[in-house]
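Please read the structure below before turning to the comments.
Chain IDs A, B, C, D, E and F follow the sequence of writing; residue 1 opens each chain.
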Amino acid sequence: MRIDGRKNEGLRPIKLTRNYTKYAEGSVLIEMGDTKVLCNASIEEKVPPFLKGSGEGWITAEYNMLPRSTQSRKPRDIAKLKIDGRTMEIQRLIGRALRSVVDLKALGEKTIWIDCDVIQADGGTRTASISGAFVALVDAVNRLHKNQPFKVFPIRSFVGAVSVGILNDEKIIDLCYEEDSKAKVDMNIVMTDSGEFIEVQGTGEESPFSRKDLDELLSLGERGVKHIIQAQKDVLKTDSLWIGTGGK
Amino acid sequence: MRIDGRKNEGLRPIKLTRNYTKYAEGSVLIEMGDTKVLCNASIEEKVPPFLKGSGEGWITAEYNMLPRSTQSRKPRDIAKLKIDGRTMEIQRLIGRALRSVVDLKALGEKTIWIDCDVIQADGGTRTASISGAFVALVDAVNRLHKNQPFKVFPIRSFVGAVSVGILNDEKIIDLCYEEDSKAKVDMNIVMTDSGEFIEVQGTGEESPFSRKDLDELLSLGERGVKHIIQAQKDVLKTDSLWIGTGGK
Amino acid sequence: MRIDGRKNEGLRPIKLTRNYTKYAEGSVLIEMGDTKVLCNASIEEKVPPFLKGSGEGWITAEYNMLPRSTQSRKPRDIAKLKIDGRTMEIQRLIGRALRSVVDLKALGEKTIWIDCDVIQADGGTRTASISGAFVALVDAVNRLHKNQPFKVFPIRSFVGAVSVGILNDEKIIDLCYEEDSKAKVDMNIVMTDSGEFIEVQGTGEESPFSRKDLDELLSLGERGVKHIIQAQKDVLKTDSLWIGTGGK
Amino acid sequence: MRIDGRKNEGLRPIKLTRNYTKYAEGSVLIEMGDTKVLCNASIEEKVPPFLKGSGEGWITAEYNMLPRSTQSRKPRDIAKLKIDGRTMEIQRLIGRALRSVVDLKALGEKTIWIDCDVIQADGGTRTASISGAFVALVDAVNRLHKNQPFKVFPIRSFVGAVSVGILNDEKIIDLCYEEDSKAKVDMNIVMTDSGEFIEVQGTGEESPFSRKDLDELLSLGERGVKHIIQAQKDVLKTDSLWIGTGGK
Amino acid sequence: MRIDGRKNEGLRPIKLTRNYTKYAEGSVLIEMGDTKVLCNASIEEKVPPFLKGSGEGWITAEYNMLPRSTQSRKPRDIAKLKIDGRTMEIQRLIGRALRSVVDLKALGEKTIWIDCDVIQADGGTRTASISGAFVALVDAVNRLHKNQPFKVFPIRSFVGAVSVGILNDEKIIDLCYEEDSKAKVDMNIVMTDSGEFIEVQGTGEESPFSRKDLDELLSLGERGVKHIIQAQKDVLKTDSLWIGTGGK
Amino acid sequence: MRIDGRKNEGLRPIKLTRNYTKYAEGSVLIEMGDTKVLCNASIEEKVPPFLKGSGEGWITAEYNMLPRSTQSRKPRDIAKLKIDGRTMEIQRLIGRALRSVVDLKALGEKTIWIDCDVIQADGGTRTASISGAFVALVDAVNRLHKNQPFKVFPIRSFVGAVSVGILNDEKIIDLCYEEDSKAKVDMNIVMTDSGEFIEVQGTGEESPFSRKDLDELLSLGERGVKHIIQAQKDVLKTDSLWIGTGGK
């Protein structure tokens, strides 16, 4: 049994609150246990220079932890005039994950800014950011679609993410902070609702892992992402214009 | 009647939620209507260089708007490598306001970091930050006091703040964003529970104002701060070790 | 009697030297006792992006202390890659004060840059900057007016500024550095020649102040600004094309 | 057949030149085809603050592309005052990979700086950096060991890295730039000489990939890393004090 | 005859005003015609890390042009977060020139900061900075000497500087801005009062120059520096404790 | 005899390797003894803003030392967010030296970027950068000329550079690091193949030097640059379209 009583394959309670703030075109608070991330999607009617005139859109993400989202206060990036490397790595991951399920041609020359601000961090903030930001993205695209319907709805599939890892020789899912800080192997898995992989990142900085370990972690992660995508579908199904391949 | 139906002297509903996040020594979400600011107070067991060895403590504040707390997305400071001037001005104001009611000698060589992160901005974020941060500060000092009682409780009085202004020749209080953006005169008032002033800042960039206008705005603000301080007392009275001069 | 022999309501000697440098369209050295600030006004034939095409002009100010304008050497901003908060606050104040008396539509699509560089700081540098920069601004606008007369002269009224404060329970005006560093309450007052307020900023970080204190400080400041504006008029009257409402 | 005539499972020619520069404690030029990276290892007799007094050492990596290592000139980071996100991601990966095979306690309170400077980039610079930097690291540790033998030689195993990907539905290894820029799936694999994984990073930004694809890519990568580690052993075996588990 | 009526070998009027500001240990305004530079010398009772414990002192210089010291307004360095290259080059030159005539061991563990702020720039600001800063340096060292006499007075010789150049095939000295901007060859010469060279920097970016040109420019410069050093001696002789080798 | 057995007037072995990397339009590795600098020239089909529409081209240089090109590791500029002053000075020198021999009108609206990256530093990196970069520049201009012949070949003369100095009262040329760090006088000389000077920079920070010293150093440098330019001609003569004034 785990620190918080979960089974190895047990996710923490997921809660997705849509329209959490009033200005953003998509605004979702995702809670995975005590991890809370505010994911806002903003539409901008222009694209970065490298896409100007291409007819294609862009999705870019920024990730940030509020200074006291963590156990000890983390100074703001601006105080050091540098984005820290971990933040940079995470926001690139979120951006790639969301772009991978969007038809940027169908979107047209717009940028969707994804802001993931961590209110409280208890492990798994990067995967929660992806899972929450996807719902905010759907809401933002729905809003565009209502004003002026796309020929092809620009979102191609659902995307969800989860962490898995090895702690005390057990393979576990959705690690809380205490587990995460002790785990020997740490892996993040990003998948679509058709069960395909978008991104797999596994690190054994503390100790290398075997092919067999890797296989088991992948299987554990696959099952977890399915649950998370189901939660996304549940919260969207009441009014989203699109709800996966079957729902266009 | 005002845009949202209030009278000139009417405040928006105030809501103070204590213990909003779990790590900070003091954590308060303040809502003034649609303005929502998360105010966290963190204790650090050291002081800035200029106070080392002095026996005195310090209180410093950082203020930040989440990128989509506003109507159109505001880029993060780190993207420009500069804190914008307005942010700098506001965080200095918050710091001064809180320090003015704290006995820094009684506090001893500690720094209390105040982080005011604006989740949603609908006018009056700087005054809401002061009013909310004060409650977070009391909670943080209470926590210190429980572990190791101070000889003199370091907080000397309550402090609250409110905005007033002149719009269409009417003097109004607690301006929402729409009012604020049209007001000719804009004033922020910071006061203690004994009815004294900590800070008065009035600007007539659009149009100068007379001594009589100034006097009326001050009176309007005085009444408003009293209500806000009452709300602080209400939310603290259940369990705070200190609840103003009478409650030490 | 005060440190330097002045009465409570006595200003230090004011000296305004026009055409202090040869390149700037307006160049004024203001001296208030030992406080010396070089105020240059420069015309630029374009406006910031947010005004492009609006037909309106802009006035922006930068304030800077030379490293050894102060008792101990103050490192340059560039050495820390950051403008310090106090500087930011002051340059925003100077900009607001000057814009408030200028008809930006009448000015047309131009920017006037105000550079206030403190040569020697002995208290009251921000108010001296406003009082001196106004004269530089008039000279720069006069120069434009000579080349190509404005339909409406863009300056609407004089603006002057002074500091007041409470030291040893006495209300005093135009504090020198030694007084300023010990004062309990510190207030800056910016007014027009018609006796209206542009900006009022009072801070009681060391100790709160009563409504009665505030009223007395305002009255003291009102009288002081009148003298300062008179000095501006005296130095401009020989050749300025505009010399207040009566002199257009 | 691939662009450059290789089979899907064929690596480009590997060349490791030791002692490439004269000052660094370890200095290796690695060439994988036209990709050329200079990997220098430098010993510093102190550790970052978070390890001071811990008795443990640290390994940190910096990665940089010379401006004209690429087809079109890439501006230097300093010109933008920002390390770009890709660089940050890569240098964190290199650092983790090398730390994972070093016993930091056995190393003692020293920092080993790894500098990977890309002279010419033709795909796979991050994996080449890891493979080359490992040899530089061994040389630097050998040098320490000669001066003052470690009780336990701090390097625990060999580490090598390779890229794999999917291009035109073919799984290929060690992609050159032209292949890399067209590949749908891109994966980097870091392994030890005992065949265990240190890091697996696979991205399908262009198109998601199936579990079967993932399995095949992993197998392809495993075989490639073996060859690379063999090349490391070949170049070290003449004089290295340590040459894998059997050679301590 | 030159633009301003001077002969080829004629310097502009030199004016050195000591004690220009009241806080700096040495404060000199140097005027060479319309070029005006404020040179302040500040004593700091510590040295940079590389000299800690060495018993030696240090002299470092900062150079800066006020934004409107030039014909068109030059943005401040802090606005671009970068010191411009020319500034960097000049402040390094000033520092080297002054250190070359100071016995840093005799000075002891102190830093003397030299701040050269250009009030008005009409050519030759770098050489004027050196000539003026030297006098400020002498005043600062005199002040130290009065408080606690040095065993060996730390200044070894006078140092002065002048610019020379080739314009319309004429060799001229002390170029004003208009001449400088058209000159084909530009040279700065820094010398001691014993007629030795400290620094020679000649550039023929517009057109290369012969050995004969170089020789003539050097001779012209030698004569000019002598005059400048005489002006330094004249202004110091009334009360300086040291006035060159003969005056210790 | 010198440290490495050379005579006072002896250069170290010069080696110029053309086409050192494959992407740059000109790519030269220059070796002067153990000093190794990679000089790449890149063509960009636009000019900086101040030349837009002028019909003229531009040449700009960047200089950088790899972190372990030196005896102890030198942190990268980006780690301090500042280009260090010495680097700035050197890259400005390289830019001026190359522009001085190029007819920027004949070049037309193009920028040639010169990147000098020091692989190994053993004294004289700035002069080696100039000598090597010139060959890279010729190769880049040759490439342009082959595609579309210039009316006037834009390079007007060869340019080479060498260091000279005074060590132990001996005048020596092409100082290695050990000599350079002990020399009293240090001078860099940049000349054309017609024996004219482009730049002369001599510094006697440690001790001033006489006119006679200066004359001897200049003569020593003149002879050295001739040899270096001969080496440039030798390496270019096989295939360069231009090989000095006689070879247009």
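We take it that contacts are C-beta pairs under 8 Å (C-beta built on N, C-alpha and C of every residue); 3 or more make two chains touch, one makes a residue touch a chain.
Just so we're on the same page, UniProt names per chain: A, B, C, D, E, F = Ribonuclease PH.
Note that the structure is predicted; figures quoted are calculated from it, not measured.
Counted as hops between touching chains, the shortest connection from chain D (Ribonuclease PH) to chain E (Ribonuclease PH) is 2. Listed by label, the chains touching chain B (Ribonuclease PH) and chain E (Ribonuclease PH) alike are C.
The interface with the greater count of contacting C-beta pairs, when E-F is set against C-E, is E-F.
Repeated interface: A-D and one of A-B, C-E or E-F share more than half of their contact pairs by residue number, and that pair is E-F. In this assembly, the C-alpha centroid of chain C (Ribonuclease PH) lies 60 Å from the C-alpha centroid of chain D (Ribonuclease PH). Put simply, the C-alpha centre of chain C (Ribonuclease PH) and that of chain F (Ribonuclease PH) have 51 angstrom between them. Chain D (Ribonuclease PH) and chain F (Ribonuclease PH) have CA centres that are 34 Å apart. Rounded to whole angstrom units, the spacing between the C-alpha centres of chain B (Ribonuclease PH) and chain C (Ribonuclease PH) is 29.
In chain E (Ribonuclease PH), the residues that reach two or more other chains under the touch definition are 81-83.
With the ring opened at chain E (Ribonuclease PH) and read toward chain F (Ribonuclease PH), the chains come in the order E, F, D, A, B, C.
The touching residues of chain A (Ribonuclease PH), when paired with chain D (Ribonuclease PH) in their complex, are 81-83, 85-86, 88-89, 91-92, 96, 99-100, 157, 187, 191-192, 194-211, 213-214, 218, 222. Chain contact summary for the complex, chain C (Ribonuclease PH) toward chain E (Ribonuclease PH): residues 21-24, 27, 34, 36, 38, 40, 42, 44, 62, 64, 66-71, 73, 76-78, 81-83, 113, 115, 117, 119-120.
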